Amino acid sequence: MTIPMTDQKHIMLRVEEKKMESREFATLFFQYALPFAPGQFIMVWIPGIDEKPYTLSYHSDKRFAITIEAKGIFSQKAVTLDKGDLVGIRGPFGKGFDIKPDETVAVVAGGFGMAPLATLVETLNKNTTIIHGAKSKAFLLYPERFNIQRQFCTDDGSFGHKGLVTDLLEKEIASGKHFDCVYTCGPEIMMYHVFTLCEHHHIPCQVSLERYMRCGFGVCGACVCGKQVVCRDGPVFNTDALRQMRDFNTRALLKSGKAVDLTEYFSWRCKS
Amino acid sequence: MTIPMTDQKHIMLRVEEKKMESREFATLFFQYALPFAPGQFIMVWIPGIDEKPYTLSYHSDKRFAITIEAKGIFSQKAVTLDKGDLVGIRGPFGKGFDIKPDETVAVVAGGFGMAPLATLVETLNKNTTIIHGAKSKAFLLYPERFNIQRQFCTDDGSFGHKGLVTDLLEKEIASGKHFDCVYTCGPEIMMYHVFTLCEHHHIPCQVSLERYMRCGFGVCGACVCGKQVVCRDGPVFNTDALRQMRDFNTRALLKSGKAVDLTEYFSWRCKS
Amino acid sequence: MMTLQFLGKTLKNPTVLASGILGNSKDILERVYENGCGLVTMKSIGPAPRDGHKNPTVLDLGHGMINAVGLPSPGYLNMENEWKNLEQRDFPLIASVYGGSVREYQMVAEFVCSKKPDFIEINISCPNSEQHGMIFGINRQSSHDVVSAVKSVINVPLIVKLTPQAPDIADIAKACEGAGADVICAINTAGPGMVIDIESRMPVLAFKKGGLSGPMIKPIAVRCVFDIYKAVNIPIIGLGGITTGEDAIEIIMAGASLVGIGSAVRYRGIDVFQQVADEMDDWLSTHQLSLKEIKGAAHKEKK
Amino acid sequence: MMTLQFLGKTLKNPTVLASGILGNSKDILERVYENGCGLVTMKSIGPAPRDGHKNPTVLDLGHGMINAVGLPSPGYLNMENEWKNLEQRDFPLIASVYGGSVREYQMVAEFVCSKKPDFIEINISCPNSEQHGMIFGINRQSSHDVVSAVKSVINVPLIVKLTPQAPDIADIAKACEGAGADVICAINTAGPGMVIDIESRMPVLAFKKGGLSGPMIKPIAVRCVFDIYKAVNIPIIGLGGITTGEDAIEIIMAGASLVGIGSAVRYRGIDVFQQVADEMDDWLSTHQLSLKEIKGAAHKEKK
């Protein structure tokens, strides 16, 4: 018996173009034909720094991009990269969104959650409802992108509705609009509320989760979430999986492997 | 850059049928679809005994066979194998005969040399001249095979012409018959004389050489003959190669790697 | 048909989840068990909280992988929730432990033993930390010392996991057996190796070096198990590159009683355990043989 | 462009034919040279005639090979014809020697030196014989002893070929440097490994165990060269799995001055030397770099 095995050495690429989306968001473009389905991710290595997972925020036959929010050591370094700088990528990894053409769907993005959703949105029809929320106007990624109109909301009312994405989603549902599926990405607590709302209305849901990752291919266990392996079974999970996932919105593993509640997890992430 | 590499683990096969060609020659049949071109060889492993190179003496889409002459420890064991016995094979290895359809050719076999030539003969046209010599009648392999007629000769005159294969070949040439190519296999001294005769008459020649082998794929150096690697560049060599091969009919390496003249080489082979 | 007894425990088949593969929580260990694994191993537990190395830590080289995860661990005192979850388990469990000194191994193992795993494995063979593990496994005396220290404080069978970097692994195994080990587990990762990216001119792994695993190390694992089987009388868990049922049969013929699987989870998915067990079962029934009959069968001379 | 000076000899490029690959006669060494090899090595020469092991001796595992040829050699006294042929050579030559004792190494090397090879390599690292070679290469003291004994009787540069089985190969290299070695060659085959055929239940190699070579050992070779480069100041011949120009660049960045090629002859043919040299050349000119600039480039800290 022969098991097919392919080399996953880093593909070394130079930044072809850089676009600052705002002071904290940068998009890095690379010229490379990467096979990819919306929702999948790649591991991005900055030699000498670290390696982290990122979803593609743009993708075509010839090039792709990642959009990075400057947060910790790695992403702050990443947004300072410029044309000609070298990064290594591995992947794509994971399972993307399950997309059925001709469905009527909603896409709900929380702040930066729009990055993984962007390539999905580009495959959807005009009939799609897009709800995009953030802390404030500056955190609304790609304000001019897509030819489907978005409904915006901010915590501080600096743009669109003042309030939460779930407010807007609830209103849409209440208005009688039927959704075959709701896709969401954003802070886990937000995704949890979107999921709960969908459950209440019997709407299938697909969420894109985030956990600390090492291998990216289902071996090291860093990213396990309940019985799921986020890097391999996900990062996109559907309603069936979420119902049984006891760590969803409750627990995550620190780098040490210690299981902690999500508040502690995110405060750890903030420090490094 | 990715270099294609394929596993060469032994394919373990059970003897499907055994045919005693004579008291010293046995043909073992195996049911297995082996890609193969006449002149190539396989390494045959008898677990617990040894592993040696053999050419296929029969080959079809579904089965193949090797014909073995009982000589030393290994081949004496091989001819005692019977239906159901396990052997491992690796290969095929090497380059076979360069066959051009519609040529008028001669095939010259010395005794057991008919084994590697048999599958070649089966691809040739009726117009082919086959000359087959041996010590005596009992050593004339496959007396009933082929639907092309053979000219036989024996050292002792027990069958056909009394004398050497080169006598018969010379006669054919003298009679005005034109050959585009002469294929030969047999004792090296015989092949050398065939080659010399061909050179004299400007006839291209292809000979199948034999040397002690280990790897079968051009790495260990056991089988080197002049600048040629018999297992990989051969075992079939053409006139161009033979002209430059200073070890042809002169030198061979013993198992230790020691280069000796052919008489010493064969007397060593006789002992083990 | 594959059910077997192993040191008083009933296992549904001889497959074992290797330490450091997935085993970070009860939930995932349970899933591995449900996917056909006979016996699961937790990620190695250390004396103190440890983050492990920065990424890249794990790379797939095609014919195997290289890793320097660097023994991340919550630390043995910080896993109360996990132990509580594991109390409820309905599957057999190996707890793997490591330390930086004989005393640490002993301390961690003693504590972990109170949490009632079915077996305790000591990892004296990890190449991915400057201070931990491997140093013990390449020396006869230190292997002996750590094994006898741990053995004296636990009351479940002790598995000792060895490194192929030992110049004579059979000799180390013998020392461990003499010190009271109940089982030998062989092998941990081989090498170590290094991969340099020529564009950035940097070793790719943040720790630079890493241990090799997967198909490319199978011949090393088979040789180690073969050598150990000749030297000791305690059972062996054979692992290193086992990916198919045929691989499993091979290492059992070398002398293994159980078969560990790690990297193959990458190549065949989490249900590789069921696949390998089924393939073994098929092979055995086609050949009308039992596991017992093939154990150590490649040793014509002995047993 | 790739021409380089190496201990007083001019080499047309940094590729080296590994010992035991083809190198059985002057004719074939010459062909390897004509196919682009910068420096060729003869098959290791021993103190007495030796047939090596029975077949199977060499197997291709797909991602590399395993061999236990078993150091066949005509014996140093039985090669007069070969030496005569080699006198006429117009290519640089390494003669590789082995022995079963310090005295034998010395005896063989002294005699071989009188035949005027350009370099003598001592193989203190072969795993495929019960009595020869490897035992020296895994111990600091015995490595030192054999090197200084040989060094004292030869007048050409001395290359010492090491085994990755040494628990600390850099330490061995340092001992060899201290004893007078002019060059380190790393690595000989890794493992050893074993392949068992499950149908016959037999180890496939007649010698049972064998050394691993080819692509699967490249990470081990790179790590060894990296470690040795940090420890010594003499040049290194890096080999083990080198198959492409990029592999060659990688091991040079780890610290090698020359690049050995063995198993790759199987994967790419006898002209692999020219192919690798051309690929290196291409890479260097695309990157506008010289060999010198990339040597040891993966060591950001040092040199």
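Each chain carries a letter (A, B, C and D) given by its place in the written order, and its residues are counted from 1.
Here is the rule we use: contacts are C-beta pairs under 8 Å (C-beta built on N, C-alpha and C of every residue); 3 or more make two chains touch, one makes a residue touch a chain.
Because the structure is predicted, anything quoted here is derived from the model rather than measured.
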Problem set entry | Chains touching both chain A and chain C, listed by label | none
Exercise. Quick one: which chain's Cα centre is the longest way from chain B's?
Worked result: A
Exercise. So, what's the distance in Å between the C-alpha centres of chain C and chain B?
Worked result: 50
For this session: Could you tell me the distance, in whole angstrom, between the mean C-alpha positions of chain A and chain B?
Result: 65
Problem set entry | Geometric centre distance via CA averages, chain D-chain C, whole Å | 34
Exercise. What parts of chain B, by residue number, touch at least two of the other chains?
Worked result: 7
Problem set entry | Overlap residues in chain D, where contacts from two or more other chains coincide | 61-63, 195, 202, 215, 246
Problem set entry | Topology of the chain contact graph, where touching chains are joined (line, ring, star, complete, other) | line
Exercise. All pairs of touching chains?
Worked result: A-C, B-D, C-D
Problem set entry | In the complex with chain C, residue positions of chain A that touch it | 1, 3, 5-10, 12, 43, 45, 47-48, 50-52, 86, 88, 90, 214-222, 224, 226-227, 229, 232, 246-247, 253-259
Exercise. Mind pulling up the chain D residues that touch chain C in the complex?
Worked result: 61-64, 66, 138, 165-167, 190-196, 198, 201-203, 208-210, 212, 215-216, 218-220, 222-223, 226, 246, 249-250, 253-254, 283, 294, 297-298, 300
Problem set entry | chain B partner contacts - residues on chain D that touch it in the complex | 20-25, 27-28, 30-31, 43, 49-52, 54-63, 65, 67, 69, 72-75, 78-79, 81-82, 195, 197, 199-200, 202, 204, 206, 215, 243-246, 262-270, 279
